[in-house]
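Next come two complexes, and both contain chain A; in the first it sits with chain B, in the second with chain C.
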Partner chain A sequence: MFSILPQILVTGIAVGGIYALVASGLTVAYAVTRHINLMQAHFLMLSLYLVVLFQSIWGLDPYVSALLVVPILFGFGLLVFLTFMRGMLETNVMTMFQLFIGGLMVIENAVLMVFSTTPRQAESVITMQRIVLGNNIMLPLDQVIACLASVGIGVGGYFLLKSTEFGRCVRAVSNDAEAASLMGIKVARVQWMVFGFSFVLIAIAAVLIAPSQWVNPNLGGQYMIFTFIVITLGGFGNFVGALLAGFLLGILQTVCTAIIGTTIGLAIPYLFFVAVFLWRPRGLVE
Partner chain B sequence: MEKKKQSPYIAIGIGLIAMVALPHFLDLTALAVAIVTLWTMYLCSTWNVCGMAGIFCMAHGSALVAGAYLSTLLWRYFGISPWIGMLAGIAAAGLFGWLIAALGFRARLSSMAFALFTAIWGSIGYFIVQSYNFFGASNCISNAYAGTHVGLFQFENPIVFYYIILAMNVGAVLLSNHILKSRFGLYLKAVNSNERFAAAAGVDVVRYKTIAMTLSMMLFAIAGTFWAQYSRLASADLAGIQAIMFAILVVVLGGVGTLWGPVLGAAILMPIREILRIKFVSLPGLSLFLFGLIIILVLRTLKTGILTWYSQYRQKKRFIDIASMGKGTPHDFEMPSVGVEK
Partner chain C sequence: MLGVENVSGGYGPVSVINGVSLGLKEGETKALIGANKAGKSTIFRFISGLLMPRSGKITFNGIDVTGFSPRDMVNLGIVLVPEGRRLFTDMTVLENLLVASYFRRAREQRTSSFELVYDLFPVLKMRSKQIAATLSGGEQQQLAVARGLMSRPSVLLLDEPTIGLDPSARRSIMKAISELSQRNVAVVIAEQNMIQTLKICSYTYIIVDGRLVLEGESRGILNDFAEQRLPHVVKGLIS
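So, the complex of A and B:
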């Protein structure tokens, strides 16, 4: 039991790290625009396909292709902001929601047409490599990297929002956009920068899971519901909350799958959500 | 305005007669498309009861499942007629709706948070159906077809189902009309346009929202039973978030909270979707890709549903006419009574 515990923990943090990265970007974007970008998880799927694509064309390792995927996704972030958000921020929540659903239909089916439903995976030089600690503790290397990187980026993002000028602007806009604009903050600029930032987080998450994740066009839908759970648990618009909830959810899911079994493990996010919701309806972190 | 009051009834009458005559001119494929269209239309009209109050609820898939599975399971294992199973489904769906509403509204979630909250509850329903063998797990569960029998809600001829779903649609529209004109509908509209003002004016917001949601879920259970009887199986796909998202999409595109918005939306969108699907059957994905593009274009240009946009446009035009002709005052100007934007 104790020999596999570190491995479960690392896997849990790696899995949770992905939820945390995707959801925390989404939640900050919500904080400054008041709209949930439903396509977030679909862009995770899209960037996984980009990683696969770059490998099949140029033979790039997933970690190297980050150099391409990150700027491309930043561009996508700006594109989404321009086509979906600009001039629509005052629109009814339901209408915006449907607009995003139209968007995710376009993405999912475009990917389906190009790549078909066959699951694909990008191979890295470190796939299947393990770090051996002591007697029989073995940690998959890609998960250790995902674990460290997601924690590092989470902490980095926290300080970016906490102590830089940009972060101050973001917090001001999320508190009250109108007041912020009166103080001379360019609200639209903050909004598109945050959108770009959230898409960069998606790209990083995609690169981190690429070596161990099989990707098919339905992956976006699967991740979508988890990101919903994470941002609801973390409290809407709360960066730190989303990070913590993401990691917590990943660890819980992995531990329960390992100890009890797969069926229960899959139900854990939902059960956990219900339990927490009944206890703290407005999120774990307030 | 007085002149125009007659025309809707004539139009509705002609439309209804056309709908009654329609199945006799269709082949089996077209009939299936017509039934799916009408079924979606019913879902949209009944979901719209939530829409009137501005409740963004995505847990309705569970209500469909309650209707489909309870009637099927009761008939299969206990020999109880699906008509009674349907009542059980309605009761279960109502209870579930009331539970979610009670939890969500008391927590005072924002509209967005409530949407996600209900989406997650809907997924729990999907998960339960998927993972227990009693519900047929990931397979569907067939409903033990025993030939045409009115008492068992089973018919050989799909035209019968066509007329049943047509009648359900008429019922849904009549009910929506009744609600919109009643005091209850007025409360819902007040809640939709501004919850705080409504509360300040003495409307018990949580109570009426809960009633609207429970009612809407109960009506959905009927659609669930209908679908299980029509397709002769109950499948977990009904609980999937895709089905309900599509229904909401249609409502929003038609015009949330309006009487005819859902009907119009379904009548336009469903045939487009089906035609695209049949046309591009060789390339999976292309039809929904185009469909998504159409939705984006429409919503991006109108920024709201078709009927809501149209009534706003007419009001604006009338206002300009009145102002430019110097006849009457802007007080004649009637506020749009539908789908008030937040």
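So, the complex of A and C:
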């Protein structure tokens, strides 16, 4: 048991890192627009299909395809913001909710039409490669990369928000957009940049999980549920909270699944979620 | 410098302001007195670019700036300190001040801006690392005014800067505001019923139900008040 513990932890951090990346993008976009992009996880699924597509057309390794997937997703983010959201930021939450539901149905069905229900996976040159530590600790290389990258991006994102002029502007808009405009901040620009950035995080997450993740059109729905748990647990609009909750739930899910099996192990994060809310109704980080 | 010429407008179909005109020269301090809901904040929203007037004109240094965005107004040097402070409460005192000097013109003068605001409000320097939400009401109001000053305004619009403050905090805010004219910052203070406000302002506009009903030298209005010569509709506003 103890010999596989490092591997379980690395897998947990890698899985949690993916949740953290998707959820932190979602939560920071929520912070500046006050609307939850329900399509976030569906764009993760779409990104994975792009990775598969670029491999089948040009034979690109998933990590190399990041050079295309990241800018394409940033473009999608801008498109969604400019067409869906910009003119409707003041609308009520339910109207936007319905629009997003419509949007994610379009994405899911479009993917279904083009790629069918057959699960697909992109292979990387590092698929199945392991890093061996000591005598019997073997860590999958793709998971080590996902683990390091997500931690690095999380820490980088935190310092970006905390210590840079732009990060302070994002937090000011998140606090009070009208007051921020009175400080000379271009609120609309901050909103579209953050929204685009949240899609960049989706693209990076997709590239990181691509070597080990089979993708099918339903994958968006599965990730959506877990992403919502993460942002709720982290405290809505809280970047650090989303990062912490993502890593925590990923580790919890992996450890519980490994120790007590998938039947009940997968339910533990949900039980944890309920327990936290009984204890701290505003989430882990206020 | 700043001109508001026969401005009318409001929110959607509701008209709040009807034909109001104001003027402000460099370094002047003027008062805009009116009861709650008289339209003081709406006039400030027109001037700061948050709201477009239905008719009339706003000029700054001879240029028609009607309908300019809040950012353009701040860039020109017209800064609003809104009612209720509207601080970035999750951020520290220092971060609030830094955010207000984000755009290029203010950023270039950041060092001297910090000297100015710490000189006027020394307590903010001591509390620079404290989260804004944890300051007292008086300190929060000081931060709100200081944040406005970090944008290096030539016109500072203060919407009810002393509302809800105890007399001591009110005096300290008024003292700081009265010093601004010596630093070439023109100020318009919107207040409800403050003799104290009139004492630090050279000129006063009195607004009732969105219309200007009286204007003149503050000293003259105070004299008229003392000698009970003010119109009945205005008398209740000064106490």
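In this section, the second predicted complex is superposed on the first by the 286 of 286 C-alpha atoms of A that agree within 3 Å, B and C clash if a C-alpha of one lies under 4 Å from a C-alpha of the other, contacts with A are read in each partner's own complex, and residues count from 1 in each chain.
Just so we're on the same page, a contact is a pair of C-beta atoms (placed from the backbone, for glycine too) under 8 Å apart; a residue touches a chain by one contact, two chains touch by 3 or more.
Quick caveat: nothing in here was measured; it's all calculated off a predicted structure.
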Chain A superposed: clash or fit between chain B and chain C? fit
Hey, is it chain B or chain C that touches more of chain A? B
Kindly classify A:106 by the partners it touches after superposition: chain B alone (first), chain C alone (second), both, or neither? first
Cα-centre angle that chain B and chain C span when viewed from chain A, reported as a multiple of 10 degrees: 80
Check the residue A:136 against both partner chains and state whether it touches chain B (first), chain C (second), both, or neither. neither
Considering only the touch criterion stated at the top, classify A:281 as touching first (chain B), second (chain C), both, or neither. first
Should A:222 be classified as contacting the first partner (chain B), the second (chain C), both, or neither? neither
In the superposed arrangement, which partner chain does A:164 touch: chain B (first), chain C (second), both, or neither? neither
Touching partner for A:273 - first (chain B), second (chain C), both, neither: first
Minimum Cα separation, chain B versus chain C, post-superposition (Å)? 10
On chain A, positions contacted by chain B and by chain C: none
Contacts from chain A onto chain C in the complex sit at residues 165, 168-169, 171-172, 175-176, 178-186
Okay, in this complex, where on chain B does chain A touch? 51, 54, 56, 103, 106-113, 115-117, 119-120, 123-124, 127, 131, 241-242, 245, 248-249, 252-253, 256, 283-289, 291-296, 299-300, 303-305, 341-342
Going by the contact rule at the top, pick out the chain C residues touching chain A in the complex. 48, 50, 69-71, 74-75, 79-80, 82, 86-91, 95, 98-100, 102-103, 106, 147, 151
With touch defined as at the start, can you tell me which chain A residues reach chain B in the complex? 30, 34-36, 83-84, 88, 91-95, 97-99, 101-106, 108-113, 217, 221, 225, 228-229, 231-232, 236, 263, 266-267, 270, 273-274, 277-278, 281-282
